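The following pair of complexes shares a single chain, chain A, combined with chain B in the former and chain C in the latter.
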Partner chain A sequence: MMEQADKLLEVTDLKVHFTLPGGGWSRNKQILRAVDGVSFSVAPGDTLGIVGESGCGKSTLARALLCLVPVTSGSIKFKGQELTTLDDAAMRGIRRNAQIIFQDPLASLDPRMTVGNIITEPMRALMPELSRTQRHERVLAMMQQVGLLPSHINRYAHEFSGGQAQRIGIARALVVEPALVVCDEPVSSLDVSIKSQVINLLQNLQAERGLTYLFIAHDLTSVRHIAQRVVVLYLGRVMEVADRDTIYRQPRHPYTQMLIAAVPIPDPRVAREHKVSAVRGELPSPLKPPSGCAFRTRCPWAIERCAMERPELRVIENSQVACHRAEESLGSKLSG
Partner chain B sequence: MAALIRYTLKRLLGAIPTLLIIITLAFFLLRAAPGGPFDMQRAMPPQVKANIEHMYHLDEPLWQQYLNYLDSIVHGNFGPSFVYRGTTVNDLIRQGFPVDLTIGGLALLGSLLFGVPIGIIAALKQNSAWDYGPMATAMLGISIPNFVVAPLLILVFAVQLHWLPAGGWGHGRLEYLILPSISLGLPMVAYMARLMRASMVEVLNSPFIRTARAKGLPERIVIWRHAMRPALMPLISFLGPAVVGIVTGSIVIEQIFGIPGIGRFFVNGAFNRDYTLVMGVTILYGMLIILFNLLADILYGVLDPRVRFE
Partner chain C sequence: MAQLLEIRDLSVHFRTEDGLVHAVSHVDFDLGEGEVLGVVDESGSGKSQTWLAVMGLLAQNGYATGSVKLHGRELLGLSPSQLSHMRGVQLAMIFQDPMTALNPYLTIGRQMTEVLQWHQKMRRSDAEARAIKALEAVHISDAGSRLKTYPHEFSGGMRQRVMIAMNMLAEPEILICDEPTTALDVTVQAQILALLNELRERFGTAIVFITHDLGVIAQIAERVAVLYGGRMMEQADVYTLFEDYRHPYTEGLLRSVPRMDEDRTERLLTIPGNPPNLAMLPKGCPFSPRCAYVEARCQQQMPELEVIAPGHVRACFHAGELGRQETGA
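Up next is the complex of A and B:
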């Protein structure tokens, strides 16, 4: 690989499979391959964007990285330490350094707790060296940093709007001063006006604290502002990995090209010149993924080989692409 | 706190019309039933019957009797029993109700003590033997009526093993309480275990439990601090109906074990057209149910800050 050697997080061939009971009386269990052989790495201080449609395994991946769902196989190395083999107690030690911000901010907060208790609780679990007053001071400082008022401390989570609830969620995640923060679609349930505020907040916090982000999103637009590198995920597999500028200027995988085409363009004249249409059709069931390349059923350039052989991730110039026809630059002559 | 007191008072005031409706319906329905408290198998001389009915004011117009009855209830007087001569309904309730309270309370306590932990363990060990075993047994417990369970218990623990008395009250000594309480509480244990399992499974899958785990809390704290309270909510709303189940269930249990509780008076009173006795017990049951539903609602608010007392 091309990145520098010191990785904060290194994921190799990660698989998360769920066994589902067969329908009715059938004893045949079905296997849902939510994450199917994903590899990537993140350097300290960087932001890695992970993009894909709903149902592509992004959230499962996010949770698996922090061992919140059981990992089927593969390796997750955080600061060189293997996480998949850790027991619960050892994993708790890791949580001080690796935190997660969830998608649905309101549902992710215990409605029976006050804001103060929500933010204090991780410190009580992970930083027992702090005294009660130290914890209180840190809660107030943290609240101020995420833009909450000190008077909010005794209010209950359900009294807040989605944007404020996500600020509480961010404070809760950052109060233990983690190095890595997995952001699982932190803004997708928020209003457009609130979205940019929260993204700006996340960027400011990253600059102040030197955080490493894993930023998960379902569209390429929100990632564009925050990520240095982007991983494109489809049906639990990596389709393309590249630097932000490369992936937007020269997307090599047909799926990436279509995701970019799906972004609405404000200028209709520019829009008309686009050759690639947005993604057609429905996502195939992850229970029965297509043979060979997972994307071939929706790919306009699919050939026989795509059904026979699963394309591996290959390096082409500055990108890594999993497509048999990546060199042919089929739809990549996009404006932009 | 002030809101809570205001809410309780409001609910208690609101209970008055409910009770009035219960009283009115029960009063007129009882009177609409054929026969009366002094109809014997052998016909009484008409003059004697008229004298008796005059003594109990049964010869007055119905609305007059109704108003008189309301007046005496307001003064806490349920009137004389028509069948148990020389005793008032207040006396009968005072004798019988503590018996029911003891057995019912024990049954409720026991079912909470066993049902809740069984349900929680089943939810935590979902789809294992710890789940399937107790839940299948619970289904049996719900399906088998207590008039089957009680004689079986007597057969095993009293007749075969001689561990416990087969029946009677024994001035409320513990060994006499065990079998009736178990018979009464067993279906309740089963029901609570299933209820608790279902709600616990749901809560454990909710996003804020995932957050609690991501915070790095030990599983024990995740369950006790975050999952327990929301999981108890359905159980609390079941509390009101549970009291009804215990009250009506105790009528059968009292008969089987020969316990001098209030249920026996209730059944006999209904057969004998003992108007005042049936009315008294009906009002008591009504108040009990209203009280426990209020208690459940208050507990709801204590456990969930989103519930406002208004």
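Up next is the complex of A and C:
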């Protein structure tokens, strides 16, 4: 386990709840627990992967870490500084150090701005000390680093393919030299051949600049190549945390096992042996999560206790698992 | 396997402000009864357009040339009313985003029974009974009361099931699936793939599955066609394509898929460059700007499709061994 001082980001029991109006004339407001008691930490220079299905709260978590949505309770410490209580002016200083890359590159780039303006804008807002020429030089250097040509500077985002647009998004996030970059599904919408290009680019930039990444994804494949540690989320709760190699070799939580088994294997012979679908059921509504363990309605090993008592995250060998039956290693039959 | 669909020398063009765009150029496909054909293509390569042309659903500025024969009957050039009698009954198509394909103002029941009332002149109560059966076939529980609900009340995976049920109502001979799982979670994708396999075994429906995910292809397809820039690059049965591929693009695709069942590599292999722009395709082979084996003539001339082995064709000048793909950022 890491020492306290080594942590760049430390999240403790973070909750983000949204209040929704009740249906019809009902005065009962509904509470959506998008993030419900999540804790983790990231050491400088590391990559933490956060994985879960859509609706598991991973994007809310990403936004909450940068204080882009209000936090209900819990603590976010960045370089030892508590973020949840900061005012807007103090937060501005943090933004220079913590940036985000979004899922849909074309939707997150202003269609009326040129590539040069898009990459310059964060510097105008967060690094006012730079002169116009300094900014221009930085833009060109940044573009080169992400693999864009200098001639692209006066073009508009829609003239680029998805993969190139994501390079612009990466340049915009990195130009203010942040320490932490939250990558919210940066490759999910890209083609297979382009996906690997962007993952390799992110890894190169991390090595050159000593960046820390929080890499959010809905499947375990891309995370496997970039993250040292992986957090598995389900309905706003942490199901399992482990080192990359541990989580792929020995997934302990039934949900992690299901996620791994669901990934199609690009080999027709292997794929056809696996004919039995390992995936059961549907994601329950986050407005009405099941009692006890959130995953129990889809879990092949659920027992009565799972409905009664919410499992806490506990340490088992090299992993942290929130499952009452984690020691029984039931999944070895499943994941094969 | 009896021949069902025969596509010969099909090209699809679009008139645009920037001139004529060739979305698909001279492709051939065959589909047998109950067969699953996987179609692999990069986004922006016009992979959907071939099948929209088959369905007679091209946009106003598009037109197709060549020949598309279903049971020997030419489909290109049929009148809109002839086409709409054929769609739904013989050919059906499901799309990537079920929400845009469903009408948000109408209940699921209304949208499902419409097909039967129109095509088979069924009474409403009979049509509803059929719709319930179809929903049950795609494992939607409580199907009777689901008929009264609206599309937004379903999750993404459930909507795609509804789309499949709707398309299976008239038990079409061919179901064209245009990236039906790309927008879905891996867990939901696994369920939808299992469902399609099950329906195919039950009803003997032939399936055309369009995707850029080779993992999905490995699970579902029997034969695979790999296209790039609207041209056929390679076509073979699924085992040959994965184990004895002979085209540099197929190689690049296979090697850039991150795999879960093998040990992790430090670097992912990639195909350098960007996906093709159909409005500005190079003169020769569309893949030549990204190809590791490119020769001078590749930039001048599109290689002809050659038969390597029975049922295995490719279009490439490269004669030697493959295995020279590099990693790149």
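The rule we apply is simple: the second predicted complex is superposed on the first by the 315 of 336 C-alpha atoms of A that agree within 3 Å, B and C clash if a C-alpha of one lies under 4 Å from a C-alpha of the other, contacts with A are read in each partner's own complex, and residues count from 1 in each chain.
We take it that a contact is a pair of C-beta atoms (placed from the backbone, for glycine too) under 8 Å apart; a residue touches a chain by one contact, two chains touch by 3 or more.
Remember, it's a predicted structure, so these values are computed and weren't measured experimentally.
On the shared subunit chain A, the superposed partners chain B and chain C are arranged side by side without overlap.
By the document's definition of touching, of the two partners only chain C reaches A:222; chain B does not. When the two complexes are overlaid on their common chain A, residue A:112 makes contact with chain B while staying clear of chain C. In the superposition on chain A, A:100 contacts chain B only, with no contact to chain C. More residues of chain A lie in touch with C than with the remaining chain of the pair chain B and chain C. In the superposition on chain A, A:259 contacts chain C only, with no contact to chain B.
With the two structures brought together on chain A, the opening angle seen from the C-alpha centre of chain A toward chain B and chain C is 70°, to the nearest 10. When the shared chain is aligned, chain C comes close enough to touch A:201, but chain B does not. In the superposition on chain A, no contact is made by A:295 with either chain B or chain C. Closest C-alpha contact of chain B with chain C, superposed model: 9 Å. Across the two superposed structures, the residue set of chain A contacted by chain B and also by chain C is empty.
Of all residues in chain C, only 42-44, 155-158, 185-191, 193-194, 197, 212-219, 221, 238-239, 242, 252-254, 256-261, 264-265, 267-272, 274-275, 277, 327-329 touch chain A in the complex they form. Those residues of chain B whose C-beta lies close enough to touch chain A in the complex are 206-208, 210-219, 221, 226, 229-230, 303-306.
Put simply, chain A touches chain C in their complex at residues 53-54, 147, 161-164, 191-197, 199-201, 203-204, 218-222, 224-225, 244-245, 248, 258-272, 275, 277-279, 282-283. Taken in their complex, chain A has these residues touching chain B: 63, 66, 68, 88-89, 92, 95-96, 99-100, 102, 104, 107-112, 121-122, 125-126, 156, 158, 169, 172-173, 176.
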